[in-house]
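The first chain written gets the first letter, and so on, giving A, B, C, D and E; residue counts start at 1 in each chain.
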Amino acid sequence: MRFAFRADPRRGMTAKPAMLRAGAVLVLLAAWQLIAMVRIWPPVFVPEPAAVWRQLVRTSTEGYSGYTLAEHLLVSLRRILLGCLYGVTGGIALGLLIGIVPTVRTLLGPLVTFVRTLPPLAYLSLLVIWFGIEEEPKIWLLLLASLPPVAVATAEAVRGVHEDYLNAARSLGASRWEVPFRVVLPSALPEIITGIRVAVGVAYTTVVAAETVNGVPGIGGMVRDAQRYNQTDVVILGIVVIGLSGLLIDFLLQTLDRRLVPWRGRG
Amino acid sequence: MRFAFRADPRRGMTAKPAMLRAGAVLVLLAAWQLIAMVRIWPPVFVPEPAAVWRQLVRTSTEGYSGYTLAEHLLVSLRRILLGCLYGVTGGIALGLLIGIVPTVRTLLGPLVTFVRTLPPLAYLSLLVIWFGIEEEPKIWLLLLASLPPVAVATAEAVRGVHEDYLNAARSLGASRWEVPFRVVLPSALPEIITGIRVAVGVAYTTVVAAETVNGVPGIGGMVRDAQRYNQTDVVILGIVVIGLSGLLIDFLLQTLDRRLVPWRGRG
Amino acid sequence: GSGGEEAAAPGTPAKLRIGYQLIPNGDLIVKDQRWLEQALPGTEIVWSKFDSGGDVNTAMISGAIDIGLAGSSPVTRGLSAPLNIPYQIPWIFDVIGDNEALVVRKEITEAKALAGKTIATPFSSTSHYSLLAVLAEAGLAESDVKIVDLEPPDIQAAWQRGDIDGAYVWTPILAELEKDGAVLVTSRELAGRGKLTADLAVVRTEFARQYPEALKVWLRQQDRAVKLARTDNAAAAAAIGRQLNLSPAEAGRQLGQLVLLDAAEQRGPDYLGTPEAPGKFAENLHSAAEFLKSQQKVDAVPELSVFQKGLATRELADAFAGS
Amino acid sequence: MPSPGAEAVEVRGVTRSFRGKRALGPVDLVVEPGAFVTLVGPSGCGKSTLLGLIAGFARPSDGSLRAFGEPVGGPDPSRGVVFQEPRLFPWLSVAANVAFGLRSLPKAARRERVAELLELTGLAEAGRLRPYELSGGMRQRAAIARALAPRPRLLLMDEPFAALDAFTRERMQDEVRALWQRTGTTVLFVTHSVDEAVYLGTRVVALSGSPGVIVLDERSKLPALEHPRADPGFAELRERLTEVVRAAAQVRNGPVTS
Amino acid sequence: MPSPGAEAVEVRGVTRSFRGKRALGPVDLVVEPGAFVTLVGPSGCGKSTLLGLIAGFARPSDGSLRAFGEPVGGPDPSRGVVFQEPRLFPWLSVAANVAFGLRSLPKAARRERVAELLELTGLAEAGRLRPYELSGGMRQRAAIARALAPRPRLLLMDEPFAALDAFTRERMQDEVRALWQRTGTTVLFVTHSVDEAVYLGTRVVALSGSPGVIVLDERSKLPALEHPRADPGFAELRERLTEVVRAAAQVRNGPVTS
């Protein structure tokens, strides 16, 4: 077994990992097919890959609930990206404030913790009464889902900034107002990016909840609809599409991380 | 405005923050009372604090859906704690493997990302099929909610371990198998604890979803029941109780963090 | 399997697992009065609460419950491909009456006027089915109306804001909407016109075959509950109120909105019928299946006989053979 | 506003304790503007602690500190610091690290000043590298360049040349001395080398003991001379200082074992 | 298994490039077991890079490395390392840092060895402190103690005494020399001090240039003598080495500007 504690950041994915992954995907598909064929669970729960493929073709051409798969996906992606954008921005700002200003820490720290434990299913109707049934409540919910991981990661990262960096910056003339941007933020960047990666994942898991409110078109609404009618092949199609698009976004974030933080493990 | 980039870890909460917080809670309560009194929104959406208080007394003595508030809460807490326990353990193990073993990173990295984007509402029924309707599916769902933040944070933290620590440990005779436990884990501890804090929050937000199936007793099940019959005061009571218990757990985790990682910002 | 354990009497299981929902009908009276526990002393009764018929279907497939409560929509799906859940309908808990209705803004006075309006309903529910039935009756296509999918609490919020012009929804949200809206049509009226929706009991076929005695006892308790609701409304309301955390008055009001059927009525030709002559309810399910097919929610409409076989008329007849 | 006639540094009765254990002081030290004070003392006697207090990184447990007449309330750009460990910002290139304190300068002037400092510290070719790509000595030189860049009135240097080879070190000594002579900056310079202390300081201060207190404080005219190492006074002061430090360290560490 | 008769270190045609730019080599260096090799050279010439290669922290871009006859494939407990920056484990106390490499020892023996090493490095009272509570010099001494603890056959030390005051430094020099004489450990010792190199080394190697290559490699018998500093050979070797380093640094940094 080979251990490597650090991948060379300049080396991309070489041929071997790509083949490994392709192989793994094939193995997974084969296992799925096998499970579906021997019928451990009835096909409503584990449909055959071919059935899911058929739904892919059908929803892409004929559509589902009046919209094609691409339309469902794009609408949801827009919601996720907008929600995450606001959530991440707010999370970084809040995290910085909590990490830096003691009074804010005292007051907002517990409030953020309180809010981030609340189940969205319980307060969704409040969002509806405040923001209606169009895009706003969904984006707000996604914002509320993605903000906390970023805020917590940022606040903790601020505590982790080496005091010498802060002292050095102040000695070099950085004002109280500049320090958060010129020192704290870049120094906390690795942990913040980790927080963003977690946040995007959480936003994804929330998209179905968000789309319980007038959620069609929307991939979450589609999944929910299909689930209520036990159309498992559509559900699995939706899940796979959600997962793949999430994978792509995460890959971009990881690439960004490697670009922005080449000093990880060497600083 | 006072800035402080680092709180003295040995100083507990002094009198002033405690007063500040008490004051803030009072202000929030007053604002709530005001909003309820002027009826911006009807009482079904914003009940008066007094109504919630009455429900607190009633559910604590007479009970709700056949169980007292304490019973609901304890059952849910047990689920959350068990789910988080498994999730955190699994997350750390997975994160270490992903961070350390390139083959695992290649194979499991994308898989974990894929899984963590999946909406629990979409795969809950699969959990029911596999694990029935008792405690197992709920704990599995909470596990699946709390594992990813820890896994991502751990894997990223492993990348952030200074290479000199790894080299020093190996030169001092630590074997390949010891390094993860004697160096990587302690060095990554701050970020892992951040991950755990996020994970517990995410598990909390998932408890209502987990308790949609056979969720009574359970605070999430209680909230859902009350929602169904428009008993907003009980919903809000449940939300507040959930939030407060989450606050307590988070406080414990933060204390643990300060104890275990006194070198934060000075290492 | 849960058969053959020591304490259980012949024909009764050691454990009877019931999936219930919070609907003010006889099932909650039985649960509240612990009649099953008393009537089946050798059997452990396990009550599990569900939030939707879809979850009940799932639990049925996984074999986690023996008897469950689900709306006619999910049961139709359960009996159709691809689900083909091996369960039967031994009892109709209630026919949905005034507890589900289409409430609209006061200025809308007839179904035709719904064209171009925004109407909310929880998708896949009995209300959704009923709403589409109303539109069909009025000669409106689905695309003529903007139908949005909202959960009941969200419907109330959206109504409050004025985002929707109407909603097909159930109590207690229905009552809230009625305060400043007008009821256009209720499910009771629709039922009268053949678009019947109901809350049904489903029992695993395997369980019914293995433990006929237990099923008989269960059916008799349901009948007893219906009779109690008719003879001693206050006691029934109190029992339901306890289960729903409602005042007896409110529980009584909600109970009154439902149409409960006793054993004799259940065996009538309009409902489950007899083994010799399955009731018209099977046709009702069949037409619901056709509707689902038009919605692309089931792969194919099963034969009418599938639904007729889905009615546990034999068990029902056996349970009340003497009466 | 700093009072023009005030002392550069005024340390009065300052002590500093960690976990209730006193590590430094009481120390009294007044440094006149334009002085080049070298500070020597055994390892762990509190030199860095004292420098940190003057820089404003921590508050004294007791006593008061003033710089240019103003009480020290926190770090300030008038007091430049070279840390004992280089502590470059890892997210910035070497050039950007050096430019960190030059925000107020227009872009061209900034670039010019950075180039000049990189040249001065022998890093002309390393400007684009990241700190983790530098050797230990290069890192320390970059840290010196960063601290010099904004031309602080007071320079606090904590063993700035410790990681430099003999020749580079001499070169840097001469550079810093030339700079000091040219600009009139006040310098407080911690070093382990008695030679260095004598060669550079207009005043040599020795700290010793536990908690550390000042055990020697002597003025010297050597740095003003053209070739101080050749001056007979050099060897004499060097000798004396060596004796003090040796005595101090011996008290602290016990006699040599072998 | 290490071959008993093999050389302690065999570096053959080794180079190391960063981003395609060669920073070191080609270097050939054979160190016999029991030697005390001191390595001097201007800042940035590749001394730490070479040490890292021998330690197994990185692979050479070209050439081959052996230690005790075995190819170097990674870090190994037979090769102890003192880093240029102390790099103590911040999550462990000083004593636990020193004990890190003593896992295989029984508890009592371990405690005894730690106490002995803390005593040796003058940290007897600092055992319970955390690394961030130490002064720079104390940290460096703790790192030395940690590397010495498991008694490695080869000791790679990168400017281990740079942060120590003159007296503590002399003391540590004598300790290390005594240890080396007693145990027959092979030592490869990077230093910036020509004095130190001559005083300690049985062999003095000078690295210079960019990329760094060996420009001087000379054996000396001084460390075996009782008072080497008094030996006439000391001044002579010192003189010569100074000249080499000066020349090397001059090439690198250009002539002194002032």
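Please note the rule applied: a contact is a pair of C-beta atoms (placed from the backbone, for glycine too) under 8 Å apart; a residue touches a chain by one contact, two chains touch by 3 or more.
In UniProt terms the chains read A, B = Putative ABC transporter, permease protein; D, E = ABC transporter ATP-binding protein.
Computed from a prediction, not measured in an experiment: that's the story for all the values here.
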Shortest contact path, chain C to chain D, counted in steps: 2
Top chain pair, ranked by number of contacting C-beta pairs: A-B
Greatest separation from chain D - chain, by CA centre: C
Longest centre-to-centre distance from chain E, chain (CA-based): C
Interface composition of copies chain A and chain B: same or different, split at half: same
Rounded Å distance between chain B and chain E, as computed from the means of their C-alpha atoms: 49
Length of the line joining the C-alpha centres of chain A and chain B, rounded to whole Å: 17
Distance between chain centroids, defined by C-alpha means - chain A, chain C (Å): 39
Whole-Å separation of chain centres (CA-atom averages), chain B against chain C: 37
Residues within chain E bordering two or more other chains: 85
In chain A, residues with contacts to at least two other chains: 45, 125-126, 129, 162-163, 227, 266-267
For chain C, residues that touch 2 or more chains besides their own: 54, 58, 61, 153, 156-157, 160
Which pairs of chains touch, using the document's own definition: A-B, A-C, A-D, B-C, B-E, D-E
Parts of chain C lying in touch with chain A, wherever the complex brings them together: 52, 54, 57-58, 61, 77-78, 82-83, 120, 123-124, 148-151, 153-154, 156-158, 160-161, 163-164, 292, 296-298
Interfacial residue positions of chain D with respect to chain E in the complex: 18, 40-44, 46-49, 84-85, 120, 122, 133-138, 141, 158-159, 162-169, 171, 174-175, 178, 192-194, 242, 245-246, 248-250, 252-253, 256-258
Chain A-facing residues of chain D, complex: 55-57, 74-77, 79-81, 83, 85, 87, 89-92, 100-101, 103-104, 130-132, 146-147, 149-150, 152
Partner chain D, residues of chain A touching it in the complex: 162-165, 167-174, 178, 182-183, 186-187, 189, 261-263, 266-267
Chain C-touching residues of chain B, taken from the complex the two chains share: 41-42, 44-45, 64-65, 125, 128-130, 132-133, 212-216, 221, 224-231, 234
